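Next come the structures, one after another.
Shared chain: chain A. Partners: chain B in the first complex, chain C in the second.
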Partner chain A sequence: MTAGLQIENISVIFRVRRRHAWPWRPPSLLCAVSNISVSLLEGETLGIVGESGSGKSTLAKAIVGIVRTSTGAIVWRGQNLSQMSAHERRASAKDVQMVFQDPLAALNPRMTIGDIIEEPLRTHCPRMKRNERQEHILEMLERVGLHASHINRYPHEFSGGQCQRAAIARALVLKPKLLICDEAVSALDVSVRAQIINLLTSLQRELGLSMIFIAHDLSVVQHVSDRIAVMYLGHLIEEGPSREVVQEPRHPYTQALIESIPSPDPSAGGPRRQKLLRGEIPSPLNPPSGCVFRTRCIIARQACAHEMPPMTPISDQRRVACPYSVEDAL
Partner chain B sequence: MFKGANLFLRSEKFLTFVSIPNRSLWRNARDRFFQNSAATGGLVALFLVVLFALFGPHIAAWNHEDIDWNLLGNVREQGAPSWQNGHYFGVDELGRDLFARTAQGTRISLMVGIVGAFIAVVVGTFYGACAGYVGGRVDGLMMRLVDILMSIPYMFVLILLLVMFGRSMLVLFIGIGLISWLDISRIARGQTLSIKKKEFVEAAAAMGVKPIIIILRHIFPNLMGVVIVYATLLVPSMIIYESFISFLGLGVQEPATSWGVLINDGASQMSYGTLWQLLFPLFFFVVTIFSFVFIGDGLRDALDPKDR
Partner chain C sequence: MLLDVHNLKVWFKTGDGQVNAVNGLSFSLDAHETLAIVGESGSGKSQTAFAILGLLARNGYASGSVRFKGKEILNRPAGELNRVRARQLAMVFQDPMTSLNPYMRIADQMTEVLQYHQSMSRQDALSESLRMLDAVQIPDAVSRINNYPHQFSGGMRQRVMIAMALLCRPEILIADEPTTALDMTVQRQILDLLASLRDEFGMAVILITHDMGIVAEFCESTLVMYGGRMMEAGGTETLFKSPLHPYTSGLLSAILSLDACHQDLPTIGGEPPLMTELPLGCPFHDRCDSVQSICRTTLPKMESIERRRYACHRPLAQPRNPP
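This part shows the complex of A and B:
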């Protein structure tokens, strides 16, 4: 397998104007994604987890190009997406598609399901004939488990799960190589969630997709991903094969996340261990000095306040951004 | 359930599903519009007013310019509406046939209202949607321009235009068009700001759709509900603008007339007991404005697919 997507040191910095501030004061900088490097092989699924506000969605939006990156490079199959002109960038969108969190909000309420799924075809294959497009749409509808008669309905006539199926059909109608699912199942209830996840994994196998699967719920991510990357406050803090990360988490934050997965059978697990995570995620406008996690870390020391520890390899495939957990591993 | 549907789709009967008739958005909207009786009534009333404007001058027994010398000086006693002398709506204070004059005034007022509102909607919506979608400095610059234009008294500009380029309907249209889009562009911009944050717009951008297409395909249709309602309210206000300009003597020229002129003339004669001079033009004016409001209301409900 070859490297499909390589993300090298990308940062996304927003300029935020505070309310009630004088207009001549410089806007404060919000670093939503800082210096993340991660790569994705073709056909692989990368899961990204983290709390709300950890920069997962911003990372996804940076990859599809809705959000501008401040530094770094996004290399897709040897092409640097971040240096492309707006025109080239739009053309490259054919290969990289995205599924959004809120299924109903992601579909234009004034377009029928057919029009919605047709839109990528109209954008990228303008020469295609109308009946040819119609065939593609029907094929896609069938693939995602919708009925051909749904083609003229509007999004509000569907349930959340059906809307998400339509959104997946829209994302896949161009046969992309990379699909980014940004919290694609978070808004759905548990049984529908399972259906959509099964649909995604089976479509991935059929079409040979690479996938980036973003969720705040580790139990979902672990189910679909080959590898998992954990984010906290815009930083990548741990990365590795999904089973290893879940069974032997190294970073204290990852440990806390895994600890917080609810058990399906509360009586079986014995007494729950102490909660490892206290408090709220700090404001990204005013991040802690040094290691971003130190304010909530149970093993934080004096030295943690100086600088953010870099991602250090602890084995062939695993990297962790905590020197103390690396020491433990060696 | 889905598995069953899939199996069914793969079978030969699949094609029978495809031939289900296409329910277009416009057809649905039309059906819903006609279920609303107030809106349908408004449309019928407006249609009748338009018919009156189109054919009234041909039906009238008198020309709108000609003075009935028999009645001049004796309007109060003999100028009331009557079938015998052909003045169906009576005569005005100069003895001219009010039926012909009302029909002619309806033509001009409707034209001013509809053309003015049309220019406002097209220019204002596009300007506002572009400013809102692009955002940032461009937005600031475009909206400050609107602020500057708004701060200039529009009547002053309109009067200057009419004085400089001469009194003609074309200049009147241009003048009204120039000022009327300002409000609507602000409304459109505000709506665009909220629409562009929605995920379907982001999805389109991620899909590689060009910004101009996003504005036309995703932002415009979602703006329409608000804009149409505002536009139907704009038609009466355009008619009122024109009336005011005509009142100042800069709008339509005598002997041509408009509702504003007729209502003004009628109102000034009210105390002499010739009430018909006020009531006939006023009736058409009020009916038209009510019709537009009801139609606007009906259209908004009809064009919103969530209301089904």
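This part shows the complex of A and C:
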């Protein structure tokens, strides 16, 4: 397998003007994604987990080109996306598509499902004939489990799960090589969530897609991903094959995330866990010095306040940004 | 028996016709019991809570009976309900941002409850509120109490909501999806907090959720709702070990565990029914794997064996009681 997407040291910095600030005060800088490097092989699924405010959606938007990166390079099949003009970028947009969290908000309420799925074809393949487009739409509808008779209906006539299917059809109609799912199943009911996850994994197998799957729920992410990257406050803190990350998490934050998943076995009950986390995620406008996690970490020590530990390889495929281990410290 | 709900029905009159949100629900809650009401969106679980507290929307109607300590509280006038609400029955809502008044300082919102319900002086109410904020582990409560809701994070707002609900030391706390809007690690903190407060104050808790994992950890008994009806109820442990209703077993198998590898997830096919046009017979028959012709025509009766109840023509296992 070859590397499809390579993200090298990208940062996304927003300039935030505080309310009630003096007009001559310079805006504060908010570093939503700082210095992240990660790569994705073709046909592979990379899961990104993190809490709200960890920068995972910003990273996704940077890859698709909805937000501008401040530094670093996004290399897709040898082309550097981050340095392209908007016009050049259009060609590569066919390859990289995205599915958003809230299916109802992501679909234009005044367009029919057919129009919604057709729009990317009109934009990117202007020479395609009308009946050819129609064929593509019908094929896509069938593929995502919607009925051909749904083509003239409006989004409000559908349930959340069906809307998400339509959004997936829109993303896949251009036959992209990379699909980015940003919390694509978080807003769905449990029973429907399983259907959509199965749909995504089977489509990925059939079409040979690479996928970036973003969610806050580690159990969902590990189910679909080959590799997992854990983010916290804009930084990548752990990365590796999903099985290994889940079974032997190394970073204290990853351990706390796994810890916080409720156990589905009632007989296990009782407060048996050790608290691995304290407090809340700090404001990204005012991040802690040194390691970003140190304010909540139970094994934080003085050295942690000085600098953010770099991602260090601990085996061929795993990297972690913490030199200490929870087991040794306790 | 602390709370006894019998044949509760809730319906809404809308432009699209009558929406039957809850169709004859019966359950009871003992003192110190923790009951989970589980179901997908639209199953009527939240409307059940709203009906109990008399908080239905203006186009909503309820019938049946809700008895709190033997006294009927359903459809009572607000004046009468206010003697029970907050003092004995309190509620924590799903979205802490929209449930707190954005124009009022936390101090004012909290003392208001005590001044109104317990005729406390402002000073006493303030110190009691501070004590409660400490109990829900808000750091630096003395200065935070003068903040507005937007100055708190989501998790902290939910703590404030819980503190507010507990101010009058209610006997029943109804928590409607208290952690759905929160991050995983914060969810864990809030659930641990709820569990310890429950033990400290000796409350009964009704936890409304769609997450079976939370149910397993937190609740002794479970009630599964679908299409506004009860599908199955019983002790959490027995219900998880041997679900009788196909829907319960579907929900249980939809739990993602960390050990599962990359295989297809078991699913419940289809979509939840529309509440305006509930199907004839069992509401779940469209999506059920073991559906029979009788399921399409006749509504299954509620069978009950000691503490377990279920409504299914073809239960998955022979219902038995644990030894």
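As a working rule, the second predicted complex is superposed on the first by the 319 of 330 C-alpha atoms of A that agree within 3 Å, B and C clash if a C-alpha of one lies under 4 Å from a C-alpha of the other, contacts with A are read in each partner's own complex, and residues count from 1 in each chain.
As a working rule, a residue touches a chain if its C-beta (ideal position, glycine included) is under 8 Å from a C-beta of that chain, and two chains touch if they have at least 3 such contacts.
The structure presented is a predicted model; accordingly, all values stated were derived computationally and were not measured.
J.: Here chain A is shared; do chain B and chain C fit on it together or clash?
T.: Once chain A is superposed (C-alpha atoms), there is room for both chain B and chain C without a clash.
J.: Does chain B (first) or chain C (second) touch A:107, or do both, or does neither?
T.: After superposition on chain A, A:107 lies in contact with chain B alone.
J.: Just to be sure I read the superposition right, which of the two partners does A:37 touch: chain B = first, chain C = second, or both, or neither?
T.: A:37: touches no partner chain.
J.: Given the overlay on chain A, how many degrees, to the nearest 10, lie between chain B and chain C at the CA centre of chain A?
T.: 80
J.: After superposing the two complexes on chain A, what is the shortest C-alpha distance between chain B and chain C, in Å?
T.: 5
J.: From the superposed pair, tell me which chain A residues show up as contacts to chain B and also as contacts to chain C.
T.: In the superposed arrangement, which is not itself an observed complex, chain A uses residues 195 for both chain B and chain C.
J.: Per the contact definition, I'd like the list of chain B residues that touch chain A in the complex.
T.: 2, 5-6, 9-10, 14, 17-18, 20, 22-23, 25, 198-200, 202-210, 213, 217-218, 221-222, 305-306
J.: Quick one: which bits of chain C touch chain A in the complex? Just the residue numbers, please.
T.: It is residues 40-41, 139, 153-156, 183-189, 191-192, 195, 210-218, 236-237, 240-241, 250-252, 254-258, 260-262, 264-269, 271-272, 287 of chain C that touch chain A.
J.: For chain A, which residues count as touching chain C in their complex?
T.: Touch list, chain A to chain C: 51-52, 159, 161-162, 189-195, 197-198, 201-202, 216-220, 222-224, 243, 246-247, 256-269, 271, 275, 277, 279-281.
J.: Could you pull out which chain A residues touch chain B in their complex?
T.: Residues in contact with chain B: 61, 64-66, 89-94, 97-98, 100-102, 105-112, 119-120, 123-124, 134, 138, 142, 145, 147-149, 152, 154, 156, 167, 170, 195.
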